[in-house]
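In what comes next, subunit A is part of two complexes: it sits with subunit B in the first one and with subunit C in the second one.
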Partner chain A sequence: MQAGTLSTFLKRGAIWGFIVLELIFFTVAGEFLSLSETAFMDAGNMLLLFKQSAPIGIIAMGMTIVMINGNIDLSVGAIYALCAVVLLDSMTWPMLAGLGDAAIPLAWALALLTGVALGALNGLIVWKTGVDAFIVTLGSMLGYRGLVFMYNGEQPTSHLNWTLVDFAEAQFLGLHTATWFLLVVTAAIWFLMNKTVHGRNAYAIGDNREAAVNAGIRVGPHMMINFMIIGFLAALSAVVFYSESGSVNPNDGELYELWVITAVVLGGTKLTGGAGSIVSTFGGVVAIQLLRKGLAHIGADTSTVNLVIGLILIAVLFLDRQLNVKGKEELKI
Partner chain B sequence: MTDQTPALRLEGIVKTFPGVRALDGVSFSVMPGEVHALMGENGAGKSTLMKVLGGIHQPDEGRIIVNEVPVVMSGPLEAKAKGIVFIHQELSLAEELTVAENIYLGELPRKRFGLVDWHKLDAMTNVILKKLKVGFDAKTRVGDLSIANQQMVEIARALTVDAKAVIFDEPTASLTDAEKSVLFDVIADLQKAGVGIIYISHRMEEIFKITDRISVLRDGQYRGTLDTAETSEEEVTQLMIGRTLDLSRSASRHELGDVALEVRGLCCKPLFEDISFEVRAGEVLGFYGLVGAGRTEIAETLFGLRDPSAGQILLGGEEVRIQSPADAIARGISLVPEDRKGQGLILGMNCRDNMTLPQVDDLTAGPFVAEGSEVAIFDQYRDKLDIRTPGWKQLVGNLSGGNQQKIVIGKWLSMHPQVLIVDEPTRGIDVGSKSEIHNLIRDLAAQGYAVLVISSEMPEVLHVSDRIVAMYSGRIMRTFTAGEVTEDNLIQAISGIGGATAA
Partner chain C sequence: MKLRTALAATVACTALAGAAFAESHGGYKIGITQNNVGVDSYQTTYEQAFIAAAEANDMVDTVVLDAGGDVARQIAQVEDLIQQEVDAIIIWPTNGEAVIPAVRKAHKAGIPVIVTNSNIAEQGFEFVASFSGPDNITQGSRAAEIMCDKFKDMGIETEARVVQISGQPGYTTAIERAKGFEDRLPEVCPEVTLVETQPGDWNREKSQKVMEAFLVKYDDIDGVYAGDDNMGVGALNAAKAADREGIIFVGATNFSVGYEAMERGEYWGSIYQSPVDDAEAALQTAIDVLEGKEVPFLNYFDTPKITQDNMGDYTKPVF
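Moving on, here comes the complex of A and B:
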């Protein structure tokens, strides 16, 4: 066994330990503080938790790739909203409306295509201009959100298709449709990152871009593909959520980028790139959703939830740093 | 010197880490006004010893004695207060601040209300800079200075305290010859002022030029101290590695093949111009010259990292345009870059993944990477190159410099290139591994690879090359065959004195 195995284990396991802690805390605290009759760890409650994790979780998988790659994408919330608008509005177009339920796959495809195109645009700008992804996607976040407002002004875009709602509310083997999407996306991205050349290259580029170039990896196209993947996943997230709700406000998806990044960082992915894990991101997503749900369970309001999550994020990263510093005898600053 | 008290004395220093006895009873002393070389292979314990001296590690046993007073170093600040100053290989300067601000960082002179006394600061700084006889002043922004001058700023910082001992850790690693001689003058001045100097370096020429005594560490143990005037490179090397190093010339004894790579009139102004040479299969072509002569830039152009402004590159007799590293690799050109960690390796990845990185595209089974084939390739080249690692899962960042370099070389060999370019093959590698890398380069040539070796170390170039291209200021001054080259005419050529271009 080499030195550092213990701290590696602690780091990898930290997010799961944190989840167990949350479960214990909210179960015990719920006994005294909760107004509801059901226990916190009620099976139905937990199933709902996974379903509610899906919108953030699906995007978080894409964000993990982009961040391992050494980039970031702040425009996911806006892409999410724009794709939702495309999904719902396209079904009312005369061309599609006449098709009945056959319009559904077409509307889905349109929404997903929109996401991929918006992501591709982000990636192309990052590739061709060499401007930092943070700046590029900060700009596109504002720009894409502008498009959402241009589409329908301040009005919500609505269209309820009951076949779609039935599909979205369905349960298969006890899990909701949204949960299945989250699980499948997680598995697919895990395979992508751990078993394919694309994943290998993503880690290499994030760790040392110059060495990756010298190994003959075409960094620009690679990064563009990653932005297309996260665009696709932001669209998929919208498709899954709005198939059920049927109405999108132009403000929907705001701050999603921050929730997503919080989940990814909680899962241990480095902001500087080169390191991160899909499974841990899944843990980060569940941990955040647990916290939101748990605090609501014991009667805290939304503002308290945000405050607590903020504090926990900083505390977790501080702990992580302590674990790292001990091993390496880094300089104190 | 013998009747003086040492400026700094170490007595029986022992430091153990879990599983390793990094220092095993090391003792040596530095007299005031002495330049004392500390030598040893990588991993011999030099860095650990310096960390103990600088208060970063606490010794398990033994004493540190400054001017006959035993001291406990609790940290870098304490060491500095005791007059022990370090000039590190990696500079730690704030580039956006001025020279004066850097020198007195954390100790800026104050006026009332805590405002900085800029006049006093500049005056104090200029006094020190004058002593160092440098060509810049207190108000210069550090980022605008050359590496050599930035090092002078570090030295100036050392002079702000009453230094008893100054430790130089590989100070010449990135300096040109002219800059080196300035540094040596400064060291001589410090010496005259009665400061004890510990000089850590792998470069024998320097050691023999400027030091008075040489202490050698091996495997954490003190191996002895030699008077520089009375010893030889062979003796020091033997003490360091327990055997002698063969640096004699070794031109190929095998037949050369066809021309693998030919370059005609290649230009990339202002870096280099009118570069023409050819290298045959089975031949090692050395490139020698000063830092900035354009050697690395030629390698980068051949590898598709720079676009040439004119000229032709011919591979196997056919003209090619190389537009990117991916392009170069596909055509069989490989580059082992100068900065192993910065340009060659993914330090956070394991050995196997680093080795197969450029060809992992071809090692797939369906959509997935065929990890079995990867392991097979790694095992093959681990054995072939004698890479010492516990296994392929080891992170490359944890290997020694020599083994890291072998990973980079193995990475390219496993792709069977036509032309292998090796830039500074043994930079920062200890003496023992150096000769292994040299032998490896000779072996590769014998196996029929065309190898270009760029090096700033003359013994290395002389040792491994069949022919040597001497460069000066972006131009080829002369191409030597093994028979014609001598140290003298090579030095003349790279100083721009040697005659016109000859083929």
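Moving on, here comes the complex of A and C:
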């Protein structure tokens, strides 16, 4: 057996092992503690799990690329809210309102376009100024949130369209609309990262930016494209979610960046860049939602949920570090 | 390495187990999803009172959830409660419109929904069994009565002049509290004039500025009506800074700052809204709906008057 194979296997498999552990725990604990007569592993409950994972999950796919790149995007929550405002408000504009339900795809397109534009702005600043993405997107997080508040003050922006709600609540082959979006996005980003030059470049840049420059990769435009992708995905997440709910509070999507980053890190992506996997991010997203759902299922006090997620995140990072140290030691032999 | 893996797994497990608590026995299963426990003490006290009321009642088992102010999480919680086949769902909406589709889902699943504290938008009314909460109009009209009674005591009910500081424009609560006051005042004290109304946006500093402007503009102000005590105390501070005495301050919801100012004799009265009553009313409404009793669609709980005269009967508000 090659040195480090076991630790690589453990690293890759850790998140899935954790999910299995959660499932077993909540199934057993649910028998004793839950008020519900239905089992935790009930098919309907598991389908809901994927549906509820979608808002964070769709953004997490974009965050994985950006983090593999060695960057980070803190503005996703604000982009999410701003695109939701554009989506719901645009349907009431006189130009679109006259179209009836034909306005829906146009509103979607406008929201997605907004997301891409905001992401492109982030990317352009990172590219042209060379300022760290953390600082740039910290600024844009505040700035974009400011725009949300300027749009409608403290008031929610609302437009309830039952056609839209029915579409978002629909189930095709048993899966909810939101789940389909999550699955398609995961597949598309997996393909991008594993089967295309762009994906391989992303890993190369994150691993060693100078070497990537020397190898002739145009790092600036590459990063800008990735910021546009995550902007698009944040908008898509808003489109999927707000098609169903029809009203956005100006503080919606706050802290989403942290949940997204938590999911990505749980999935094993390095904060320093160069390593990470889309499939594991999917595992990280599911693990967090499973934990939330499970704790609610067994009647845990809501305030403990965040505490538990925090503890587990630290445990996972600790484990990960230990495994990596071991791997390096063994390589030297 | 194995040991470390085991160790990490144990940490996770203990954390999970430690978080778990619940009891299960027969009766009605009622789920509640609250707006944002912990953001203010009204909501925190509400949750404690709700749990206490549920525990005291052998007929009900409750699933108590908190959306943390996040609409997405609240919708997910409603879906989970439907999935768990609870008998009734109580919801404190994070957003009066965004939760309508989720409420419709529960309605379609045959689960009665009770809205608590603040109502959802009208489009969702057909999917709701009952609303349990304070009546803002009554709060406003009772504040008018408090003020009028005081003017009568002082013998100035024929010439008193009043200004109003209202809540944030566009908020139902603000509109209704203003309407209740404006409609009731001419009925009880027809000769008292409401000279001007300006919004204080639920904000103490903003209200202080509004009051400063009023004091400059009007030499004779006998009463100030504020949408809540927070704004009322802001106005009081402005009057104290300008050395204007003898003004009667009345709010539409009693806060601890207002209660303290009443103890000092600077603030006349307000309306007492207890989070404990709010929580108990919500649970009772849910039980009544499940028992098939006739429940009014707008099921208000009582919010009594509190003034310097009777404040001893009430404990200081927690918020």
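We take it that the second predicted complex is superposed on the first by the 327 of 333 C-alpha atoms of A that agree within 3 Å, B and C clash if a C-alpha of one lies under 4 Å from a C-alpha of the other, contacts with A are read in each partner's own complex, and residues count from 1 in each chain.
One rule holds for everything that comes next: a contact is a pair of C-beta atoms (placed from the backbone, for glycine too) under 8 Å apart; a residue touches a chain by one contact, two chains touch by 3 or more.
Since we're looking at a predicted model, the values are computed, not measured.
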Quick check on the subunit A-based superposition: subunit B and subunit C, clash or fit? fit
Return first, second, both or neither, reflecting whether A:T196 touches subunit B, subunit C, both chains, or no partner chain. first
For A:I312 in the superposed arrangement: first (subunit B), second (subunit C), both or neither? second
With both complexes superposed on chain A, which partner does A:T272 reach: first (subunit B), second (subunit C), both or neither? neither
Name the contact category of A:T163: first (subunit B only), second (subunit C only), both, or neither. neither
Subunit A residues in contact: does subunit B have more, or subunit C? C
Now for A:L21: first (subunit B), second (subunit C), both, or neither, which partner does it touch? second
By the touch definition at the top of the document, which applies to A:A296: first (subunit B), second (subunit C), both, or neither? second
After superposing the two complexes on chain A, what is the shortest C-alpha distance between subunit B and subunit C, in Å? 17
By the touch definition above, which subunit A residues appear in both interfaces, subunit B in one complex and subunit C in the other? none
Applying the document's contact rule, which stretches of subunit C touch subunit A when the two form their complex? 1, 4-5, 8-9, 11-13, 15-22, 24, 29, 37-38, 61, 63-66, 68-73, 75-77, 79-80, 83-86, 94-102, 104-105, 121, 123, 168, 170
Contact residues on subunit A for subunit C in the complex? 7, 10, 18, 21-22, 25, 29, 33-38, 42, 44-45, 48, 51-52, 55, 154-156, 158, 160, 165, 168-169, 241, 244-249, 251-252, 292-305, 307-308, 311-312, 315-316, 318-319, 322-323, 326
Residue numbers of subunit B touching subunit A in their complex, please. 18-19, 56, 303, 305, 324-326, 328-330, 335, 337, 342-349, 353, 357-358, 360-361, 364, 367-369, 390, 398, 411
Would you mind writing out the residues of subunit A in touch with subunit B in their complex? 2-3, 191, 195-197, 200-201, 203-204, 207-208, 210-218, 274-275, 329
